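Each of the next two complexes has chain A plus one more chain, namely chain B in the first and chain C in the second.
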Partner chain A sequence: MNLPWKSYCLRIETRADNPGWMGVVSSILGVILALVVGGFVLRAAGANNPIATYREIFKEGFGTLRDWQAGIYALLTNTDCPKGLLCFGPISDTLVKASPILLTGLACILAFRMKLWNIGADGQMFMGAWAATGVAIFLLPKNTDRTVMLTTMMLAGLIAGFIYGAIPGLLKAWLNINEIIITLMLNYVAYKWLEYFVVVGPWSIGNFESTGRFTPSATWPRLTEYSKSIPVLAGLTAHPGIFLGVIAAIVLAWIIYRSRWGYEIRVIGDNPKAARYAGINLARNIFLVMGISGALAGLAGMNEVAALRELTGHFQRGYGFTGVIVAWLARLNPLAAIFVAILFGGLLVGTQLIQPQGIASMLQGVILFVVVGTELLFRYRVKLEKITPSIVAPVSESSNVN
Partner chain B sequence: MSESQKAFEMRGIVKRFPGVLANDHVDFSCRVGEVHALLGENGAGKSTLMNVLGGLYMPEAGEIFVGGQKVSFHSPQDAIAHGIGMVHQHFMLVPSHSVAENIVLGLNHPRFFLNLSQVEEQVVALAEQYNMNVNPRARIWELSVGEQQRVEVLKMLFRGAKVLIMDEPTAVLTPQEVDSLFHTLRDMTRQGHTIVFISHKLDEVVAIADRVTVLRRGKVTAAGESAKGATKAQLAKLMVGREVLFRVVKKKAQPGDVVLSANGLTTNNDRSLPALRNVSFQLHAGEILGVAGVAGNGQRELAEILTGLRRMTSGTAKFGNDLLDPSTKWQEIGQRLAHIPEDRAAFGSVPSLSVAENLILKSFNRVPIAAGWSINSTEVHQNAVRLVDEYQVVTPTVETPVRMLSGGNLQKTILARETSGHPGLMIAVHPTRGLDVGATESVHKILIDQRDAGAAILLISEDLDELLSLSDRLAVMYEGQIIGEMPTEGADIQKIGLMMAGTKVEG
Partner chain C sequence: MSTNALIALAATIIFGALVSGTPLLFATLGEILSERAGVMNLGIEGMMLVGAMGGFAVWFHTGNTFLGLLVGMIFGGLLALLHAFITVTLRADQVVSGLAVTFLGTGLSSILGAPYVGKAVPQPIPVILPLLDRIELQQLVMVLIGLVLAPAMWYYLNRTRPGLNLRSVGEYPSAADSLGINVYRTRYMYVIFGGLMSGLGGAAMSLVSDPGWVDGKTSGLGWIAVGLVIFASWDPLRGLWVSYFFGLLRRLPLDLQNPALPLISTANNPQLGRIMDMLPYLATIFILILGSREAMRKRIGAPAALGTPYNRGERGL
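So, the complex of A and B:
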C-alpha cells in the first residue's frame, strides 16, 4: 500500500543556533495564535464576530485614536474631555491593572532566572498587602506625612513578601524540598490568613469584610486629584504604582545583566554544577533569590492596597499567576516585562465588560500554552521529509509482524 | 572487486548542520570481514557519517547500498534490520537490569511474554562463538567497563548486526582490556563481520585496522588506504594536514617546594561507599604527578575533595598555607587552584553563557573584572579577546555561547580561564579525553608550560601514553588507594597495567 501521505515523515532536529530574534518572534506568534484560538472560543460562546470583539477589547483597554487626540487636545488647551469620548480613561485603567502584574512578573522573572519555580507570588503579594495595611491602619498615626506613610508601607510589603518567599527558599536550600509545591500551597495559607484578619477577624469593621477606608496619606495619589488645575485628568485613577514597577524592572535588569550577583544567578540558573565548581554559594543564593522574588510580589500587594485604599475580603487573587505568564512571554527579560504587563493590563481592562466573564483568564491561559509550545520551535526544527520509496516500507512492516 | 564483497557502500553523502558542512560528498565503503578505521579530528565529520549509516541522521544527498541494494534508513531500527549496528561511546545500558534483559531491551519480539532463560542461553552461545566471557545474569552495575562494552557488542550481534560501528571503543579500557577487545574483533571479522573502528589513537589504528579512511573538515583525504605499513606520522598528517609531533617536548622537571601535601585522605562516593582510603602524597612546585588507574577507583573523588566539590571524611590536605577543608574559601583561592574538571561540559562551563562570560567564572569577584557591585563589561571583553588569542580558541566571536564550541575549543577556553591566573596548583582530570590530535597537542603544551612556570600539577588520566609522556612521577590508584608510585622515566607499561588491575608488583 503506498498512500501519498505515507511517503512523508516529520523529523524533529535540534537547532544548533538560536538567534535572539526568535524569542521575540515566538512571543508575538504566541499572542497571535492565542487570539486565533480564543476567537473560536468566543465564537462558541456566542460572539458572532470575534474580530469585532477583539477590537472592542482593545478599545476598552487602550482607547481609540480619537480618544487620544481629544485627550491631548484637552491637555494642551487645559479643557475638559469632550462628552462621549474617553480620552485617557482606558490607558489609565490599564496602567492601574498593569502595575501589580508587572511586579509579580518581575518576581517570577528573578526566580525563574535561577530555575526556581516560584509560583507563590500570589501568596507573597497577599502578605505584602496585609503588612502594608497593618502599617496604614495600626502602626502609624493617621496624620503621618504621605511620603513617610507610603515608604513605610512599601518597606512593610517588601519585608513581608521577603519572609514569605524566603520560607520555601530556606526549605529548598537546606533540605532540597521542592519549591513548586511549597510556594503553591503557601498561596492558600496566605488567602486564609487574609480572610481571617479581614473577613472574620480583628481588622474587619462590622460585617463589611473590610478594613474601611485608609487615611488619605496611606493611598497613592491619583491623577484625578489634580483635575482642579488640569480638567482632563478628572476621573483618572492612574497612580505612581506603574513607576514603581518600571523602576523595579530597570533595577532588576541591571542586577541580572550587569551585576556580580546577577552573574552568579545566571551561572546557577544555567549550570548549578559549574556554579559549585566556581565556589559560588548555592544555598545563600537560593535563599536570597526566593526572598527578593517574594519581596517584589509583596511590593505588588502594597501597591494594590494603596490603590484600592482599603483591604477587603475580595482582594483580587490571581495576579501572581498572571505574573508567571508575563515572565514567560517576556522571555525572562525584565524590560520586556514592562510591555507585556501593560498588554495584559489592557487585556484585563478590556475584557471586564465581556460576558462570559472568564474570557480574560481563557486568553491568558491560551497565551501561556502557546508560548510554552512555541518554545519547542525555538529549540527544535521540525522538518517534513520525503521518504524515498525503496526498501524501507516492507522492512518496517515485516518487523511489525514478528 | 565485485559489489557483493562490499559489506556496505556510502556514495556522495552530504549532511549539513547550521553553519557547518559536516559531510561534503563523502564516499565510504567497507569490504566484508575487514576492520576499517575511520580517522579524523573532532568535527571532521566521522560521527556524522556514522550516524547517517546508523540511521540516526538523514543525509541531504547521497546513497547507501547494503549488499549491492540501495537502502534508506529512517531510524536505527532500519539500519539494524539491514545488519548495521552501532556501539556508542557512552553505553546505553540499564544499570539495574541483567545482561540478558539489556540485550533484549527494545526488541519487538516476543510481544508479551519474555522467556528470559532462553535468551540467556542464546547470549551464552553467542558470547562463546566470539570468545567473549559474559555472565548473562549479572547486573550491569556489577560489571567492569570492559564487560559492559561486551554487552553492547552482544546486543548488536543479537540483533543480527553484520557490520559493527564502534565509536572510540578503547577510550575507557585498560591496556589489557584493549588487547582482549582486539582479540574479539579479530574473531568477529574471521566469522564474516565487518568492523568500522572510529578512533583518535593512531597506535591502535595501526595495530588493528586493515584499511583506513581519513576525513578532514567533512571531506575524504584518504579513502580505504591499506593500514599495513602505514605509520602514525603519515596518518596524523592526513588527519591534521600538517606534521604532528608525538613526543611531548619537555625539559627535565625542576621540583621546588611542596605545594600540596595530602595526608590520609578518605572519603565516600555518591553511594556512600568508601571511595578513597588513606591516600597520602606530596606534590612539588614545577612537577607533574600523574595518577593512573581504571575509571572508578577513586580518582574522581580525589580530584573532588581537592577542589571543594566533595567533603573528606578524614585526612588533611594542605595547599601552601591553606588547609583544604569545609572552611576553605574556595572562591578566594580559586585562581591559585586551577581545576580542569573531568566533565568539561557538566562542570567546567556554563553552556548558554558566552565565551567571555565563561572566562570570568573564577575571577568575576575580583578587580579588574569586578567593579563595585557590578561587572566591568569592557574588561570582560578585553580579557576574552586576549585569552582567545593567546590560547588560540577558535570561536566566531567572544560573545558566542560556549555550547557552540567544539570539545577542543571548549577545553582550551577552560584552560585559558584556569591557567591565566598563574595558579600554584592545578588539578587536571582527563584533560585531553575526546580531543583530537591537534587539540591534544596544544593542551599538553599548556600543561608543560604551566609546570615550567612553577605550577604543581596533579594529572589524572586514563590514557597511559599521555601519563607517561607528561608526568614526572606516576602514582597508580586501585580501589581508592595508591598502590604504587614511581618515577616516569623507565617505567614499565606492562607493570603499570597490572597494577591498574589491582596486582601489587614488587620492585
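So, the complex of A and C:
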C-alpha cells in the first residue's frame, strides 16, 4: 500500500545560522498566543466577552486615543485635563509599575546570560527595600537633603541586594549547590524577614503593619508635585525611577555586548568547559554575576519603597518572577527589556482592577511557554520532504525526529 | 506536667508532622521519578496549586473526597503533560518551561479557584487510637498511603525491569535507545507521573492535611520538594524521612502555640512565630549545604542526563 502522504515526512534539521528576526517573531507570537489561550481561560472562568476584557486591560494600562489627544492639548495650552478623561493617568501608572519590573528583568538577564538561574530577584528586591527603608528611617536624619538621602538609599539597596544575591553565588561557586533552590528559599526567608520587621517587629508603628510615611526627602519626586506650573500633571504618580532602569539597561547592554567581562560572561554561558580552558575564572564570575544581579534587584526594592513612601506588610511580591518572563521575552537583550517591561507594567496596571485575579500570572505563564516552545524554530529548521530511498535507507545519517 | 500528658503531646506533634509532611512526600516522590528519567520539573508548585484547587472544587460540588483527590491528580498530570511536550518533544529548556508551569498553575488556580476561597471544609471523621486521643480518619489513611508508597517506589526503581529502564533513560538515553527502550515515551510517562503525584500532594493538602482553599495555598511547598529531591539524593526512601522532617518544621510554629509547653511557647511572643516561619526554608538551604559535602564525599550525583533533552538523531549523551 502506498498512500500519498506516507511518502512525505517532517524533517527537523539543525540550523547553522540563527536569524535575529526569529526572536522578535517568536516573542510577538508568544504574546498573541497567550492572549488567545488566556481568552479561553477567561471564558471558562465566567467572563462573557474576553475581547472586551482585553480592551479594558489595555485602556487601563495605556489609555485611549482620546485621553492622549486631550492630554497633549492640555499640555500645549497649559490647561487642566478635561473632566472625565484620564489623560496621562494610565501611562503614568504603567511607568510606575514598569520601573521595578525593568530592574528585576535586568537582574535576571545578567544572570541568565551566564546560565545562572537567579529566581530570587523577588527576595533580593525585598532585602533592598528593607535596607533602603532602614536608611530612610533610622540612619539619616529626617532633614537630610533629598539627593543625599536618595543616593544613600540607592547604595543601601544595591549593597543589600548584592549580599543577598552573592550568598547563592558563593554556594554555587564553592559547593556547586543548585542556585535555583537556594534563591527560591531565600525569597521566602526575605518575605518573612520583612514581615518580622514591619508586621510584628521593631519597625511597625502601632497595629498598622507599616513603618509609617517616610520623610519627604526619602521619596521620589512625583510628577504631581509640578502641577502648580503644569496643571495637566495633577495626580500623576510617575517618578524618575524608570530612568534608573533605562540607565541600568544601557550600562548592562554595554557590559554584555562591548566589554571584556561581558564577553567572558557570554562564553561561560555558552560553554563553561571552553571558558575554563580559556583561563576564565568561573568561581569569581559566578560570585560577581550573582551579586550584581542581586544588586539590580535590590535597587528595584529601593525604587519601590521610595515610590510607595512607606514600607508595609503588603509589600508586593512577584516582581522578581515577572522579571524572569521579561528577561526571556526580551531574549536576554537589556534594551529590548525596556519595552517589554513597559508592556508588562501596563498588563499589571490593567489587570489590577479586573476580576478574577490571577489573570496577569496566567498570561505570563502562557507567554513564557510559547516563547520557550518556539525556541525549536531557532535551533532547527522544519521541512516537509518527499521520502526517497536514499534518505530512508541509512538510519544513522538521516535525522528523522522521533 | 505528668509523664502521660507529655507522651501524648509528643505523639500528637509527631503525628502532626507526618500529616503535614505527607503532601510534600507525594510531590517529592513524583519529582524523584521524573528526574531519574532525566527531566527536571520546576513546576511542582504550579501543579500542586492546580491539584489543590481542582481537588477542593470537586469535593465542594460532590462531597466526595476520593473524587476530589483523583481530579486533583489529573489536573497536576495535565500541566505535566504540557511540560513534557515542551521539554521532550520540542526539547526546550527544562528550567524555563518548569517556571512557566509554575506561573501558569499559580494563575489558573487563582482564577478558577476564586469562588472557593474560604468556603466550608470537609468534616473530619474522628478515630481513637492509643496515645492519640482524637485524630482524623482521612489523615490516618493519607499517612498510611505515603508510608506504603515510598518503599514501593524504591522497590520499583531499584528491583524491577521498568525501574531499570527508567534509570537508564536518565543516565544514558542513547544507550537505552539502542537497547530498544523508547526514550521519549519513558520520559513522557514519568513526567506525567510526577505531575499526578504533585496534583495528589496538592489535593491532599486542600482536602486532608490542611483543609480549605486560599490563593497560593501551598506557599512554596512545591519548591521545597524540588530541594528535597536533591537532598534525598534521588532516593525515595530518603525522600520519606526528609519529608517528615519538613512536616515537623512546618508544624512547629503551630505546635509551639500550645501553652502547655512552657519556656518555648510562642503564644505570647508573635515575633518568635515569624522567625519560626523561616525555618523550613532556612533548613532547606542548610541541608543542601550539608548534602553537598556528603555528595562530594560519596560521589553521589544527579542522573547524568538530567536537564539535557534527548535528540535521537544527534550524537552525545
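The rule is simple: the second predicted complex is superposed on the first by the 367 of 402 C-alpha atoms of A that agree within 3 Å, B and C clash if a C-alpha of one lies under 4 Å from a C-alpha of the other, contacts with A are read in each partner's own complex, and residues count from 1 in each chain.
In this text, contacts are C-beta pairs under 8 Å (C-beta built on N, C-alpha and C of every residue); 3 or more make two chains touch, one makes a residue touch a chain.
As the structure is a prediction and not an experimental result, all values here were calculated from the model.
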Touched partner set for A:263, first chain B, second chain C, both or neither: first
First, second, both or neither for A:76, with chain B first and chain C second: neither
First (chain B), second (chain C), both or neither touched by A:372: second
In the superposition, chain B vs chain C on chain A residues touched: C
Touched partner set for A:278, first chain B, second chain C, both or neither: first
Residues of chain A contacting chain B in one complex and chain C in the other: 399-400, 402
Chain A partner contacts - residues on chain B that touch it in the complex: 17-20, 58, 69-74, 77-78, 81-82, 108-109, 307-309, 329-332, 334, 339, 341, 346-353, 357, 360-362, 364-365, 370, 373-375, 377, 404
Chain B partner contacts - residues on chain A that touch it in the complex: 9, 11, 15-17, 254, 258-261, 263, 266-267, 270-271, 273-280, 385, 387-388, 390-392, 395-396, 399-400, 402
In the complex, chain C residues that touch chain A: 42, 46, 82, 86, 89-93, 95-97, 99-112, 114, 184, 215, 219-220, 223-224, 226-227, 230, 270-271, 273-275, 277-278, 281-282, 284-285, 288-289, 292-293, 296, 312-314
Residues of chain A that touch chain C when the two form their complex: 14, 41-42, 44-45, 117, 119, 171, 175-178, 180-182, 184-189, 192-193, 195-196, 199-201, 321, 324-325, 328, 355-366, 368-369, 372-373, 375-376, 379, 398-402
